[in-house]
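Presented sequentially are two complexes of chain A, the first with chain B as partner and the second with chain C.
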Partner chain A sequence: MNAHDTISPTATRRPFLKLFTAPAVITAAIFAISMLAILQFSIRKHIPGSLDVGGFTLANFAGMLHPLYAKVFFQTVWLCLLTAVISLVLGYPLAYALVRSTNLFVKSFILITTVTPLFLGEVVRTYSWIVVLGNNGFVNSVLMQTGIIATPLQLLFTVTGVTIALVHVTLPVVVIMLAAAIAHIDPDYEKAAESLGAGPVRVFLTVTLPLSGPGIVAGLTTAFAWTFSAFATPQLVGGGKVNMVSNLVYQLGFANFNFPFAAALCVAGLALTYVSIFVMRTSLRPLEKVGLH
Partner chain B sequence: MRMPIAILAAAGIALSSTASLAAEKLVISVWGGSWKDLVEQTVVKKFKAETGADVEFITGGTIDRLNKAKLAKGNPESDLTFTTSHVGWLYATDGLYEPLDLGKIPNAKWLVEQAKISPYHIGSWAYVYTIGYRPDLLPAGFKFESWNDLWKPELKGKISAPDFDASHLVVVSAVLSGGDAATWQKGGDKLKALKPNFKAYYANDAASQQLMQNGEAPVQVMLSMNAYYIASQGVPVELAIPKEGAVLGIDTIGIMKGSKNVDLAYKFINVLLDPAVQAEIATLKKGSPVVTSAKLAPEIAKLPGVFTTPDQWNKEALVIDHKLRGELTGEWRKWFTENVIN
Partner chain C sequence: MARPLSHRVMSFAGRALVVAILGFIILPAFVVAVASFNEKALLSFPPQQLSLRWFYNAINYKDFQSGFYNGLIVMLASSFLALFVGAAFAYVIDRYEFRGKNVIEGLLLAPLVVPHFTVGLGMLILAAQIGAARTFSLVIVCHVVLVLPFVLRSVYISLRNLDQRLELAAASLGAKPGRVLATVTLPLLMPGLVSGWLFAAILSFNEFTASLFVTVQRTQTLPVAMYNYVREYADPTMAAISVIFIVVTATLLALANSFLGLGKVLNVEQAR
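Up next, the complex of A and B:
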């Protein structure tokens, strides 16, 4: 085999096509260089009162042995998982209705209400949740006026409040991914099950749901990874009481000018993301396989 | 042929004069929003009227601008930079500031001692971080006479403080424990004991105002200017000056090293320290002027946290050494995050 065997006829005729990959290569190089810069910063000494960094050290990573960091890293994974699962549970019926409804008004309504959060700025959306979830906010006012509760529920600065706000922005992504997966299910499978006597619930549980497995896995994984990078929502709705890794990077790195420690937290956070997603993908692989048709 | 030559000469003169006018532009780095508006409406207005020079702004957060300045070291984007006193020390120690010659700033002779921060940067206006509270949401008759009152059990789950700067509470706790900023560890246990009283930590001015406005955290370690702003919006917030003093904050100005408009920059600083401009700034923001010659209206001068006399500056302000604060702020923040917030 010579080298020409591996080159497609189109590429041979149009060698300039290779140039089209240049933007992708440049972008990848910039990302790689940025990552190397962060890695380099993470093993440098912080000099108090200066923006310059000192010699090489592993002290930044050793500093993360404080129980606080384990707590925040665990809390980050927990919030991501909670957000992904709740988004899936809420998003599946919406995606199903979006794909299977024959009423154009219902389809449009679901699409608009679901996708709108993506078009709102993160800060605007988060401040809205502060207004809604506060002691004098919409939720507590309604519950108190209807006599369901006597004193306001504490929703702000809690895991519950942060999760609600995170689900709000993750839901559209999950719905879109699930809708794409459900739309690809051949309706003939469901019709075949019905013709063999299965009721609607059984058809859904034994045919539709398993066949949408790849969409469920993709939605869960994306929601999990998407939530990992959340910053403004836990920062504002969490009020410093509920922190994620990104908040620690800001609080301990940028607000303190301790860039080496911030970089070390970034590296640790990135490693945690990769490990979490790997574990998630591995454990969900059987579900994904069921849906491959 | 004389006429065309004369026209060409005139055009040449006009062009060179235009070029010279175009060079008369001062670039100022400042926070965005109301801070930029404040500088524009007060200092820039008078500066333009006096010099005819143009002014351009570069806006951004304290740290963003510091990073940008560091990247542009030697060829700065701005001629002047407004920043906080302790961050100003970071500019100075990193060689980003030009040493200041106060002899070139006639109005600097009125500068209060507390505003002479370093040989590189001086105060532009002052404020305090102190106890802000909502009397309507606290037990009847509750008053704050000392910082110690924050530790009272009645305030369980009611207070908030900035999460971006722990220096106020770290130093206050040290002072209450017989220490000071340099021996801040003395106050460690005391500050940890305040943990049950915290409701939340705020990340910016807007969050601080909102927490106070909606009553989520009716007691706050609060920037005086923020308290006066929401009070003007009808929120019944009051400020207390504890007997140990309110923590002084000074925003400062410095000339960037490598600026090509140093003379103009000195003129700008002189206008900034003009007594009338200082009075106008103090009135708009309810802060303290940094020159003793500024005359404030009695209703502004009487506000807690507005210092107009040497006695007030000396007795009501708790001053944290700015250089030490710049050096230790990271350590304090890390300690506060690890031991109090989480």
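Up next, the complex of A and C:
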């Protein structure tokens, strides 16, 4: 079947192809060039006190092996993994309820509640968590007024605090990816298992969960990448005590004006993101395959 | 048929779990709302006296005002540009196979994985390399790149759900491709186009990390102004403006949901 056989011979057989592709090509090219600019800067010498760069060098990458920087890279990956896994665990029930709820109001409520934080931006959400987690904040006020604790818990500037805020940032996108996967599972499979005598737990564990495998993999990898991108959250909730690669990049660029080193950190960070996603994908391949049936 | 007790207990536990998770998502918004109406500058719960002074402060703060207008300029320009670029390319992806298609698509979707600070730094270095000043154009280009994946996705999903026989019918009745596009395809795509534009607009207005890298005082957008405020002051002015942000964003999304059906656009609707 060819959709355009019926069109008069003078008309192009693939209308709008060039016209519609050109703007995308320009945008893609600008993005690609900006990434090449980073790559190029990452192998240049930093001239202290100047924004110009010197000749080619690998010193920026060698400098990253310093324990101070290595530690930040490890901490970043650890925070990303932790956030991705917690988001998955919290996101699954929500995604399931979103797709399977038969009550339209409940469905809309879950959808809006979940999606709103996604669009709120990092600053508003991070600030909110400072108010919740601070020493005079909500959690401590409630716990102290009810007499559960005598001195405030230190939540800000800790890995726990940063992780809580990061999960809040990534949860919406994980829920959407899981919901998309769950929505595409044919409910007949579950009914079949049920009619053969499987209880709800068994149906969930042996049918629903494996079939949502692709959503789980997509959710985990996206959560990982998004957490890697977080800046305001570790900067404000971490307060210099919990640092991620993003904070280093900003500090080196805008406090030290060492843009070549900042660029090298970006390159290393990007490589690390892609390697981590590749490792996650590879190790979770059985999960992804099951879902394809 | 009555379900066994164990099933009912489990279904109750499941519901409680979902409510608890929703509570976790809503908690910060709730706490910020309480803090914003508190008369005292020091955060304390529950508030002793209510007041609107922080809202008054937020609305009259110079940097927030200019940030709002700057953000509006950037948002309008980048969301419409992204809509134009994204919708056109989504059409091409859906309809045609050609060389380089996957490369372009991969590059345009990459900002979903590439950290915002990397995109921001890349744009900053690129501008410096070609000797361009840090103007609105730089911020707009940066935002177009960042929000484009969302436009692409929502328009693409709409195109997939579009019944191509309607276009065939119009074409077989003699309509030229341009006419088919304008009178059949575009009207049918409206929900995807509007929600794609809305996603782009909201994301651009709220974008922070990359904006921090590419803006200067004169082009500073609202989230950047808010970030600078949090670093300098600790009073609830920030809570007040956060509440405005949350209410406006949630309202826009709720409206979009009732008019366009967000579930369909986000592809989370059960296929039956």
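Operating definition for what follows: the second predicted complex is superposed on the first by the 276 of 293 C-alpha atoms of A that agree within 3 Å, B and C clash if a C-alpha of one lies under 4 Å from a C-alpha of the other, contacts with A are read in each partner's own complex, and residues count from 1 in each chain.
Heads up, the rule we're going with is that contacts are C-beta pairs under 8 Å (C-beta built on N, C-alpha and C of every residue); 3 or more make two chains touch, one makes a residue touch a chain.
Given the structure is predicted, the values throughout are model-derived calculations rather than measurements.
Undergrad: Based on the shared chain A superposition, would you classify chain B and chain C as clashing or fitting together?
TA: clash
Undergrad: Kindly classify A:Ala192 by the partners it touches after superposition: chain B alone (first), chain C alone (second), both, or neither?
TA: After superposing on A, A:Ala192 lies clear of both chain B and chain C.
Undergrad: Could you look at A:Ser34 and tell me whether it touches chain B, chain C, both or neither (first, second, both, neither)?
TA: second
Undergrad: So in the superposed three-chain picture, is A:Leu205 touching just chain B, just chain C, both, or none of them (first/second/both/neither)?
TA: neither
Undergrad: Could you tell me if A:Val279 is touching chain B, chain C, both of them or neither one (first, second, both, neither)?
TA: Touch status of A:Val279: no partner.
Undergrad: Applying the document's definition of touch, where does A:Leu51 land relative to chain B and chain C: first, second, both, or neither?
TA: After superposing on A, A:Leu51 lies in contact with both chain B and chain C.
Undergrad: Considering only touches as defined above, state whether A:Asn136 meets chain B (first), chain C (second), both or neither.
TA: both
Undergrad: After the superposition on A, what does A:Gly239 contact: first (chain B), second (chain C), both or neither?
TA: A:Gly239 sits against chain B, while chain C stays out of touch.
Undergrad: Touching A:Ala271 in the superposition: chain B (first), chain C (second), both, neither?
TA: neither
Undergrad: So in the superposed three-chain picture, is A:Ala62 touching just chain B, just chain C, both, or none of them (first/second/both/neither)?
TA: neither
Undergrad: Of chain B and chain C, which one touches more residues of chain A?
TA: When the residues of chain A touched by each partner are counted, C comes out ahead.
Undergrad: In the superposed model, only one of 116-124, 170-178 or 224-232 in chain C has C-alpha atoms clashing with chain B. Which one?
TA: 224-232
Undergrad: Across the two complexes, find the residues of chain A that touch chain B and also touch chain C.
TA: Looking at chain A, the two contact sets intersect at 51, 127, 130-131, 134, 136-137, 236.
Undergrad: Going by the contact rule at the top, pick out the chain C residues touching chain A in the complex.
TA: Per the touch definition, chain C meets chain A at residues 6-7, 10-11, 14-15, 17-18, 21-22, 24-29, 31-32, 34-35, 42-45, 84-86, 88-89, 91-92, 95-96, 98, 103-104, 107-108, 110-119, 121-126, 128-129, 141, 144-145, 148, 164, 167-168, 171-172, 176-178, 181, 199, 202-203, 205-209, 212-213, 223, 226-227, 230-231, 238-239, 242, 245-246, 249-250, 253-254, 257-258, 262-263, 266-272.
Undergrad: Quick check on the complex: what are the chain B residues that touch chain A?
TA: 63, 66-67, 70, 89-90, 93-94, 160, 163-165, 199-203, 206-207, 210-211, 214-216, 323, 326-331, 333-334, 337-338, 341-342
Undergrad: Which chain A residues qualify as touching chain C in the complex?
TA: Within the complex, chain A contacts chain C at residues 3-4, 6-8, 11-12, 14-17, 19-21, 23-25, 27-28, 30-35, 37-38, 41, 51, 90, 93-95, 97-100, 107-108, 110-117, 119-125, 127-132, 134, 136-138, 141-142, 145, 168, 171-172, 176, 179-180, 183-184, 187, 199-201, 222, 225, 228-232, 236, 245-246, 249-250, 253, 259, 262-263, 266, 269-270, 273-274, 277.
Undergrad: In the complex formed with chain B, which residues of chain A make contact?
TA: On the chain A side, the touching residues are 46, 48-52, 66, 68, 71-72, 127, 130-131, 134-137, 156-157, 235-236, 239-241, 243, 248, 251-252, 254-258, 261.
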